[in-house]
Amino acid sequence: MYSVSVRDHMMIAHSLKGDVFGPAQRLHGATYVVDVEFRRRALDADGLVVDIGRASDTLRQVLADLNYRNLDELPAFAGKNTTTEVLARVVFDGLVSALRGGELGPTASGVEQVRVTLRESHVASASFDGQVDDTP
Amino acid sequence: MYSVSVRDHMMIAHSLKGDVFGPAQRLHGATYVVDVEFRRRALDADGLVVDIGRASDTLRQVLADLNYRNLDELPAFAGKNTTTEVLARVVFDGLVSALRGGELGPTASGVEQVRVTLRESHVASASFDGQVDDTP
Amino acid sequence: MYSVSVRDHMMIAHSLKGDVFGPAQRLHGATYVVDVEFRRRALDADGLVVDIGRASDTLRQVLADLNYRNLDELPAFAGKNTTTEVLARVVFDGLVSALRGGELGPTASGVEQVRVTLRESHVASASFDGQVDDTP
Amino acid sequence: MYSVSVRDHMMIAHSLKGDVFGPAQRLHGATYVVDVEFRRRALDADGLVVDIGRASDTLRQVLADLNYRNLDELPAFAGKNTTTEVLARVVFDGLVSALRGGELGPTASGVEQVRVTLRESHVASASFDGQVDDTP
Amino acid sequence: MYSVSVRDHMMIAHSLKGDVFGPAQRLHGATYVVDVEFRRRALDADGLVVDIGRASDTLRQVLADLNYRNLDELPAFAGKNTTTEVLARVVFDGLVSALRGGELGPTASGVEQVRVTLRESHVASASFDGQVDDTP
Amino acid sequence: MYSVSVRDHMMIAHSLKGDVFGPAQRLHGATYVVDVEFRRRALDADGLVVDIGRASDTLRQVLADLNYRNLDELPAFAGKNTTTEVLARVVFDGLVSALRGGELGPTASGVEQVRVTLRESHVASASFDGQVDDTP
């Protein structure tokens, strides 16, 4: 299996509901350094998994909906906890949608799996790793 | 698959038996920066793989038995080589035991896989990655 | 000159006032990975700049006033921009106060300089570096 | 599954053919920080996946054919694009060949999978991950 | 002293003249991860050393002249060795010129010192650190 | 001021004397990732601070006396605490001695300052930074 990974980041505010979150129930924030890995079994005719430039641009666009936002105010997250795990899945879904929409170029249709990792500090991170075909 | 990772470290002394180890047959030591990844297919009702706070506390407790020790003197390792690979498995087993004992909270029973990585320098590391259910 | 450095982190929400800040004028947040370097010309009788354990504990206490907070709501920052630079100075002042209060131990009075660096992402950081004696 | 990872680097010049590469069609270069992960289900009698020293030496030898070279001038790459993905596979093939040739020692025959990651900057990398047995 | 740091990278080909360079006398290449630190004693009215966005944009422009180039073909370097040290100085000079030209904004005139670090691998880097006023 | 930095590591066992060290009074160990920065105002005729290859070789030789050792058994440290600060100074002294002995090459006599940093974990480090001329 081949893979290509790109990195970007976003800075958001949010609060989390539930005793398990302790002080994180208060409105606070996070920088998420976001690593995305695209995987496929065979390379395209140019020798690529995806064009790194287009992958980086697409990641930036997917993050733009969240970046510099208070997630507590976004309708998409009403009634949901925006844990790092949940946000990893949101970024994954955005990237799969972009892949299907052709935003990563015509040969990117060969991408089979995507892994999204959000690093919230030097000691903690969360990720979602899935098959493109299994995603609704 | 979702995952959450936490990091801690331990500092130990030991020696290794066998010509293959060269100068590492002498009593020396290591800092292991320890990364643990917990994985499961579906999140719990709070949107979590595991509570990061509890995961960090549990990791610290598992490492406490080894931290600031000369492993050559611990009965558990008598007649065994405490290679980085072997120690990764020891930490894995300790975490699986803690998962089963409920130390990571009631919903952590959904964790299916655990990966433990010990980084011994900026250029070398070892890991053990296993199914919780396959562990005796 | 000898130095010792310790690392911790905090997660905060805030907004910034002024056109120069663009989208960061909206309420958002950040993880700051905080590195503190203590410097002195001669070591104490134990061979230390500061006790790393006490230094880590003190750093955690200084950050506790800010961690998991919306800085826009803290009276201490009323009318001020909580830029990364400003926050580095706030942490510096807290550490100098702790040094003078003896919280880092009796021999820590030999510390001459402190540098505080706040890393807000994988590509940006800010710091304040000052003489302990020059601080009001 | 157990794994051991080692790191080295190489510095090469090359150019890439195809509009998708934009300015990278010009002769330029890269440092690739190379991480290799060797994986197997059971450790050898010494408690090892592979001898880290031999693994590091073998990686250096495999990279030596490419290091400090203009890849555009190497016959092995005539008519091919030396993308990061392609180079990850070249390093993988070299390591599998070394494993089969016994260069990593007699017990290294137990290695089942190898992953090679080439980090070309702080924001981009590519890898190839394969079964030793599936490699021609 | 306050500081702000930003990071970017460039990918170049070059060769070095002189027996001391060994195999690096051949045409090869490098990725330089570039860290720039801007320093000043007092912050501007917004609480900034420099606007991080403008600093990042300026750094990208300074690197654009070198990025994806074979430095051996650039007239600016005719008869000179483009060592990492020399390139750190070139980037420093470009940034000082941009500071004086007002490209980092009106208040950036308060910047007193700039440090440019080029990381060429995980084990080696070079830097130039100078006073803005001392630069011709 | 120009600088060049190189990195290597060593793995040692030791114990520390004094109540301040808590559990580190027991025999334990550490990996020290060692960064050395050489600084001078003007480059040599080749455009170098020091030859990175020779600097790396010299660092390896200086660390060889300590690597894979129990420091408690070395006569050089009898009656002394081998804190990270003290070891940073030991490595500094070894490098200054090598500089004076010509081991880094004839033009390395222009090096004015050396900084040695020992990273003992992902959260703690110590360093010694000194003038070559001030060292006995």
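By letter and in written order, the chains are A, B, C, D, E and F; residue numbering begins at 1 in each of them.
In this text, a contact is a pair of C-beta atoms (placed from the backbone, for glycine too) under 8 Å apart; a residue touches a chain by one contact, two chains touch by 3 or more.
Keep in mind it's a predicted model, so treat the numbers as computed, not measured.
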item	value
Minimum number of chain-to-chain touching steps separating chain D from chain F	2
Chain whose average C-alpha position is farthest from chain D's own	C
Of all other chains, the one whose Cα centre sits farthest from chain B	E
Equivalent interface to E-F, taken from B-F, C-F or A-C so that over half of the residue contact pairs match	C-F
Rigid-body rotation angle, chain F and chain A, from Cα fit (steps of 5°)	180
Shared interface numbering between chain C and chain A [over half = same, under half = different]	same
Centre-of-Cα separation between chain B and chain A, whole angstrom	27
Whole-Å gap between the CA centroids of chain D and chain E	31
Distance between chain centroids, defined by C-alpha means - chain C, chain D (Å)	41
For chain F, residues that touch 2 or more chains besides their own	7, 122-123
Interface residues, chain C side, partner chain A - complex	7, 9, 11-14, 23-24, 26-33, 67-70, 120-123
Partner chain C, residues of chain E touching it in the complex	1-8, 43, 46-49, 51-53, 56, 105
Of all residues in chain E, those that touch chain F in their complex	18, 20-22, 80-86, 88-89, 122-130
